[in-house]
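By letter and in written order, the chains are A, B, C and D; residue numbering begins at 1 in each of them.
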Amino acid sequence: MLLILPLLLAAGGIVSPAFISADNLSNLLLQFAPLAIVAMGQALVMIVRGLDLSVASMMATAAVIATGFSGSDRDVATIFAVALAVAVMIGLLNGFLVTKRQVSPFLATLATMILLQGFRFAYTQGAPSGNVPPLLRVFGAGKFHGIPYNVLVLVALAIILAIVLHRSTFGRRIFIVGGNPVTGRLFGIQSDLIIIACYLISACLAAVGGLILSGYVGLVDNWVGQGYELDSIVACVVGQVSLQGGRGSILGALTGAAIIVIIANEVLLLGVPIQVQLIIKGAVIVIAAALYARKDN
Amino acid sequence: MLKLAGISKSFPGVRALNGVHLHVQPGEIHGLLGENGAGKSTLIKIIAGADAPDEGEMDFADAPVQWSSPREAKQHGIHVVYQEFALFPQRSVAENIFIGHERRNRFRLLDHARTRREATQLLQRLGVSLNVNAAVSSLSVADQQMVEIARAMVHNVKLLVLDEPTAVIAGREVAVLFELLRRLRETGVSVLFISHRLDEVFAICDRVTVLKDGRLVGTHDIRDVTRQRLISMMVGRDLGDLFPPRTMTARSSETILRTEGVTVGERVRDVSIELRRGEIAALAGMVGAGRSELALGLFGAMPLRSGVIHLAGQRITSMTPARAIGLGMGLVTEDRKSQGLAMLLDIAANISGPALSEVAKHGLIDRRLESEVAAREIERYRITCRGPGTKVATMSGGNQQKVIVARWARICRSVLILDEPTRGIDVGAKAEIYRIMRELARSGVAILMISSELTEVIGMADRIIVMREGRVTGELPGGAATEEDIMHLATSENAA
Amino acid sequence: MPWLLRNNAGLAGVLVLIALVCLVGAAASDRFLSFNNFLNVFEQTTDLALVSIGQTLTILAGGIDLSVGSLISLTSCLTSGLINNNPDRVVIVVIAVLVLGTAVGCVNASLVVALRVHPLIVTLGMGAVLQGVTLLYALGPVGRVPRGFNFLAYGRVYGLPLGATLAVLLCILIALLLRYLPLGRQVYALGDDANSARLVGLRRTRILMLVYGTSGFCCAATGLYLAARFGVGQPYTGVNYTLASITPVVLGGTLLSGGKGGVVGTLFGAFLIALLNNLLNFMDVSKHYQLVAQAVIIILAVSVYVERRRTM
Amino acid sequence: QYSGAPRTFLFNPALDVCIRDTAKFKKAPPYVIGFANAGLGDSWRVVGLHSLEKAAHDHADVVKKLLITDAGHDDAKQVADIQDLVSRGVDLLIVSANTSQALDPAVTQVTERGIPVVMVDRRVDSDNFVTFVTASDAMMGRLFAQWIVEKLNGKGNVIILGGQAGSSPNENRVKPAMQVFGAYPGIKILDTVYSDWSPVKGKQVMQAMIAKHGHNINAVFAPHGLQVPGAIEAFLEAGWKGNEIPPITSADMNGPMKMAIKYKFPLLDIDYPPAMMGVALDVALKVLAGASVPCVYTINSNIVLTHGDETPSIPHPDMYVEKHVVPDGPDDMLVSGGMGPDYNPSTFKIDFPH
């Protein structure tokens, strides 16, 4: 699975030399980080048989929150606190609906997506306006010797999440519950809490992704992160996270996200017209999933 | 009718079948025997077209065949009742029975009234009365099995394959089923019958084929073999007594679990029982008596509607599995596929599951330690596998069951409930599970064994608690009780 | 029609909600409960109802169709682009577009079968491809439909909105097919347990062709309707329907996991949504809170009634 | 700042200007007026809506009710909204059509029922309305393109940084611009990329373009302002010195002007004033009073330029960026609002009859 990355990079370099320029690769990393962060949360949710369609809306909400203060660095802590607080509420709501009210994840997160959108519109009166603090701009767009700071954030988060998911008892419980919630209960695991925790983590990661994206340009509209909900799901599927739950990995989610970003960049560089870009994207999604989806028996 | 020659099939790392020959003649009931993991279900899947063989030839009705899908096999007249069922839980009984062979009216449209009527008739012929409008998910496993069997009668079969059909049904239903099979035999239908219960094999089969480790051991006329001979063919050695001797010595008078007026789910009413350390108590009753629900209730997997549980000195009115586990309780559920196992994970994870903290430090799992623990259990219970990293989904039913028993036996300190622990288990493994139960009891654990097999109940139990329609109707001492005594309490209207 | 309610507790729920909205509306404005307004809402239900009816089938069969939005865009563009204000071409183009929609659905089904990929991914990919194809055909609003064609979307027959009435008829037809064709029952079976379906020899390919084909047909019908309503086809006209088409299905009591539900509930689900939008307009609720209200209704509708847990 | 008569009126090449008689719509106040808005979502439309609310507030004596619906940029919803507004009994309908063709049948129906319709900002295709209040998209597109051509002396490579492919607000400006570019064989369009009006995507695609074409990029044509700040940042982050940044076009947004002043690169900004929504209400009242109105009511756009970047077609801009910019306002602030100095879109609240 990981093998495809160097292959893609090499192929990219061959068809368009600009692709492997240091600048372009560094920009790729810059664009990769927010999607990867969101995809990791999506992976957790998918492992517990869920789906989180509200991530994009959560990202936009966090980004709007980033512009909601004076725009100076003093407020960064407050911005984080508020954004995470909203994320916690949304994560809890998603988790609550899915576990306690047995709403299907697709629908529950679709509803919270619309809900957040409504509140966001109401809060911004239709369009956000204001400045993003310089510190967030650094995390969104700044680079250290060509390595974007947001990649550092991503790496830190990825290491923590990989340990949590693949090494910790909590992670093991995620897999048990995802494989079969009934078994989870018989193992004495509070399946509901595990599932809620996954939605919570997903929402919080989306908030972090949204804040990073708000710093990418420093301009925020109501649609920051639009498309990330489906892209993150596709990234997970391409990265062998099972839509049926119980299977998946952080590394897979990261690889899937990388593949998506690389392909999007490559078609842009090739100067493929937008129509054909879409066709290629669609075909790649299906083919990648067909190649990598384990044949579940 | 059916002729298999040199069939082989491998899964990653396992040679499930190795050059197997099988010849089923028209109008015979052919038994297929073998230990857990011998390859019986795999062979059946190949016959049914659900799996393709790697090698070998298959003849059906005197013509070479090669199925591309179960559908094709079905069209040629092969019907299979799978060990794990192929039902549609949310659909009605009637719909399930006629799925794929829908009853139509003269406009070629579905005739719902006719479907219901004929479904009722079919079930009546099988001696079960079910509401044909009910969703299959609301039925007990036994009734689900009867629906599966009813389905087999819908269309003209030439070969009927039954994979452990009697594992979940008892007494009367088995008799009805056998009667049905004999009638089919008379009309020239062949039956391939898999069971771990040798009595049944002797009662109904004309010939038997024994598999071991994916190889053919031999095919014999049933009149030419003895019980002992069959067992040694299957196991490869002679087994002593199936039931280990009762050792009442360890049995103390200390009551570890006591319930007062426990009411659970839809049918368990006002149950008061006691379990003492070191004893094996059996919970007997007819299918649907509510034994499984009681077990789930005691373990906290179903909420207590009322009543009190006294466990290990604590008085509990609302039990949860976590609490039960904390107090040293374990539960081997009757349905391993949908309840007992984390199918996607490996043996090690399934064994450590309920006691993760034992193999973890600071919330992080020590994989080495976990593997070691699992390896020890694999050896102790002679689980056939490629090591602690084997995914349980790829294991045979019997070995899966051993994993579950091993899991709970390891951490259980007070009470272990086993719900149909030997369902679908070969004799060798059965003997082993009995031995484990005895050992555990000797170490001071109270064992509650739910079983529909009366020989097992009589052979193992120190004490027999009988339930009927959700209530305890009486208690019998082990050893001395007869099957009649138990049946009397399980069915009689005027029992206590 | 007792069978409608018997197996569909969700349908009862949606009817209760509709009644509730009517009560609130009656209190809010005396014009709300007028017959004319009711007809308007009925008319406004058409597009969502059409696409959701098709979506219901894919969901019943345990799948989902996320290509509906793009397919609607494509068919609406083709409708107006090919007719291009020429009344003589209407019949042939309408037929061609319906055939095309059905064919695209069948391609979805074939891909699901052949590639063994989850339908969510297959149709998502197909959606992107179709959007690209649509933009290849037209980068902006394209063609024009003759004035008379608008009748499909705005016309009234015996006082009833034509398009909406056709949608209801289509819904009833599909409901009957689901109930009285063996293949219809098998849709439910496949959605209930795909593995069992394989083992008992149901023809998965055929069932999938039926449901995705129907979904494609419904998308084409929606595309036609939108071309009539807007007088023109546009490359992004269907975008919102992809996710929107799911809501009426679930409001109408169909389980997203498949195997249970039906199209009649979906029809009422779509009506509830149109009615809700209408009510919120009458109550001068700003668009922002209309979104909130919609989300709350969804949550209420699907979470108040919780089915008894099946296992334990 | 230009304050003469509308240029489109003065410069109109037609011999007669179309004037519409509205006597048949004459009605005694008070009026119920409906506004079917295409949607909000960006600051331009928010400010526009506020200017409409302000106008209603100012005319509270004759306006009994202003009913506002918001279609969220969904044609189907806007058609329904229009039907609902008619159901609620409006005397006149103001419509900002989400798509010019798509709303045509619905608007035509309203007109046929005898209810006067005033279009604002985005019209419908047919002439089945009373009047259209607008600024000229075509003029903006052409002038943007012409300026770029003249800055490059007719020879150079241009990136088209569009909004959303196929959407009418995008095509209405890009199409006229392409006609201009097409007339100059020396102008080469390197790539046409789309930002979907997202600042984030604008930056992403521009970064890819810079990686691909490097210093071959001689100018950037952006028909709207939203995607421009990201594009400028992409240049800066790719290491271009401020004054190396090629000529770029923008509309309404504060950010690009701030950057143009700071980094000294050529910028042409043409405003598309949101105040036209308030104007629409004034025009609506004229219609209901039975006064004649022009068939198209085009209000002026400000042409704003950086110093030293005048060209033959724009010898004298209406003003220079220094005058137009709000130095300490946020980047996404709309400088063309016309709502007065104290106006703040996120806190604005006004009492109007509804």
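Everything below uses one rule, namely that a contact is a pair of C-beta atoms (placed from the backbone, for glycine too) under 8 Å apart; a residue touches a chain by one contact, two chains touch by 3 or more.
For clarity, every value in this text was computed on a predicted model and none was experimentally measured.
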Joint neighbours of subunit D and subunit B, given as chain labels: A, C
Relative to subunit C, chain with the most remote C-alpha centre: B
Interface with more contacting C-beta pairs, comparing C-D to A-B: C-D
Length of the line joining the C-alpha centres of subunit A and subunit D, rounded to whole Å: 34
Cα-centroid distance, subunit B relative to subunit C, in whole angstrom: 44
Junction residues of subunit C, two or more chains touched: 135, 286-287, 290-291, 311-312
Multi-partner residues of subunit A (each touching 2 or more other chains): 121, 126, 182, 185, 274-275
Subunit D: positions in contact with at least two other chains: 40, 165
Complete list of chain pairs which touch one another: A-B, A-C, A-D, B-C, C-D
Residues of subunit C that touch subunit D when the two form their complex: 29, 31, 34, 36-37, 40, 43-44, 47, 135, 138-141, 144, 150, 153-154, 226, 229-232, 234-237, 240, 274, 277-278, 281-282, 284, 286-287, 290-291
Contact set on subunit A toward subunit B in their complex: 163, 167-170, 172-173, 175-176, 178-180, 182-190, 246-247
Touching residues on subunit C, where the partner in the complex is subunit A: 64, 111, 115-118, 120-122, 124-133, 135-136, 243, 246-247, 250, 255-257, 286-296, 298-299, 302-304, 306-307, 309, 311-312
Complex contacts: residues of subunit B adjacent to subunit A: 299, 301, 320-326, 331, 333, 338-345, 349, 353-354, 356-357, 360, 363-365
Touching residues (chain side subunit A, partner subunit C) in the complex: 53, 97, 101-104, 106-108, 110-112, 114-115, 117-119, 121-122, 126, 182, 185, 230, 233-234, 237, 243, 274-286, 289-290, 293, 295
